């Protein structure tokens, strides 16, 4: 099951490296913003990761969900907190979010089994 | 080909069971609404399934499309009716719907071959 | 209240005329498809209008919702049927659909008061 | 400026009352879930309101944004916290979010001037 | 009719100034990227403006459409070129794009009458 | 790597043939519009393909992206031009576009290695 996490991270890393090496300035700057946006500020890192998770979920971006599940997990978000955030995302975004919720739950289990 | 249907149903069932066992009240209630929404009312079940199918299609949720294709099929929707509904969805939602239409058509064939 | 209906129809008509006069062939053909898509076929007109209504609602297009509310109303869709369709749209599309549901309900009242 | 807040609340209240009086069970239950979802749980109310705000913003639902801005404001969210949440929403959802950010900022000022 | 252009620009300018004065670094950087992204590169400015216009149109962001219509107009895009771009956007994005096409056409006329 | 291109084309071709053989008039007409929309007009083919690419990217339709990457490639779009178009799409559509950008870059490499 934990292959799910590694496969995702390996592909993501490999392609990010290629994209950054390509030297398109706009893309590089967007990547750079993305790295900085979730750092401690008026809101703490855990809250920001949950905001990123919910935004990714209602926009139904599986890879973005996986990324924020992993960073949330590493920053001490509990399963119960994650599920409350995902519940709000499912309510706001509707039942079309449910397939992403299934895959998110599976990925969270993979994170716990890692 | 009919593995397509079984694979979908098995994964969906397994993850739904886990999500419901997780005991997040909001998620459980949304699942419950989802079960009841398509029952006979002022509109009949067949019409409601087609509404669910078209909503899922324009929102481009493959798993939701599969689910409503299967329930439509089981409730006696014909291929011609399904295609008219999917045609409207493709017109309203645009050519980005076409890849989902391809997969939907393949899934419908799998349902027929089951 | 019934000004709501007339204002919508007058603006829609005026701009459609201008767009069709502009003579862009692709746009004209899309308009033409749109006119024909909701005609009687394997599915009846009423069902097709409800499909158009639900597609428009989950995609949150107020003008499209108004158009299909009016054609639904003219084709004998009852308020109860309309509300069942809109309920499914709100469940599938999530609570972000609610503001559109409010405006749809107001427009339906305007149709009834016309 | 503070008319902005009152106008929004009056229309929202009036139409919600009508929708609930209409007695469509599915719609009533969705409204009910919406009321309960943001209550204290594993996550506190303030965090949940920010999750609702960011979900509404990336899905670009102005009325939903207004609602969560008001509840966030009433629950003690500071302008700086709101802006950090909206910044993440703009990054995740892209520059198409910016027009909603403008209107959100204007609404927040109206809340402060109330 | 040309008030349409001025009203849009005045509100946009006023709120952008407020947002930039607010000093949220992430928001400021996104605004900065937005300014630079449409400058001459491997693709010329006119092509980039049309890309921005089509992206804004399929994502159905009226204010973004207005902005790119104005910059397209100022960079010498003809009405015929604009309509071909908008036609592609309507085909890809579906008939839900049509209400935005109506408003875009009206705004283009306002630009021409300015 | 070049299997990526062939697999995509084979599946797309096979299912398009089935859909066209199904004889739903609306679907056939939409396919027909799709074929004609990208032909030389006031805008040249290369520009139109880039418009189709950006529209597909901000709407996050991987198969549509692949299709327009391939037609762009065949019409002489350079990697640098493609990346500028995709950069604009990522800025307008937000960081949720990034996973599609990764897959697009991989597909472009497959096109080059074909």
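Letters A, B, C, D, E and F mark the chains in the order given here, with residues in each chain numbered from 1 onward.
Note that in this section a contact is a pair of C-beta atoms (placed from the backbone, for glycine too) under 8 Å apart; a residue touches a chain by one contact, two chains touch by 3 or more.
All figures in this text were calculated on a predicted structure; none of them were measured in a lab.
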Touching chain E and chain F alike are A, B, C, D
Using each chain's Cα centroid, which is most distant from the centroid of chain D?
F
Could the interface between the copies chain A and chain D be described as same, meaning over half of its residue numbers are common to both, or is it different?
same
Centre to centre, using CA atoms, which chain is the farthest one from chain C?
A
Could you state the distance in Å from the CA-based centre of chain B to that of chain D?
30
Cα centroid separation, chain D vs chain E, in Å, comes to 26
If you average the CA atoms of chain A and of chain C, how far apart do the two points sit, in angstrom?
37
For chain D, write out the residues touching at least two other chains, lowest number first.
26, 30, 33-34, 37, 55-56, 58-59, 64, 80, 83-84, 87-88, 90-96
For this assembly, give the contact graph shape among line, ring, star, complete and other.
complete
Please name which positions on chain D make contact with chain F in the complex.
58, 90-97
Parts of chain A lying in touch with chain D, wherever the complex brings them together:
33-34, 37-38, 41-43, 47-48, 50-52, 54-59, 64, 78, 80-81, 83-85, 87-89, 91-93
Residue numbers of chain C touching chain E in their complex, please.
11-12, 15-16, 18-19, 22, 24, 26-27, 30-31, 34, 55-56, 59, 61-64
Give the list of chain A residues in touch with chain B in this complex.
60, 79-80, 83-84, 86-88, 90-91, 94-96, 98-99, 101-103, 105-106, 109
Of chain E, residues touching chain A in the complex
26, 29-30, 33, 36-37
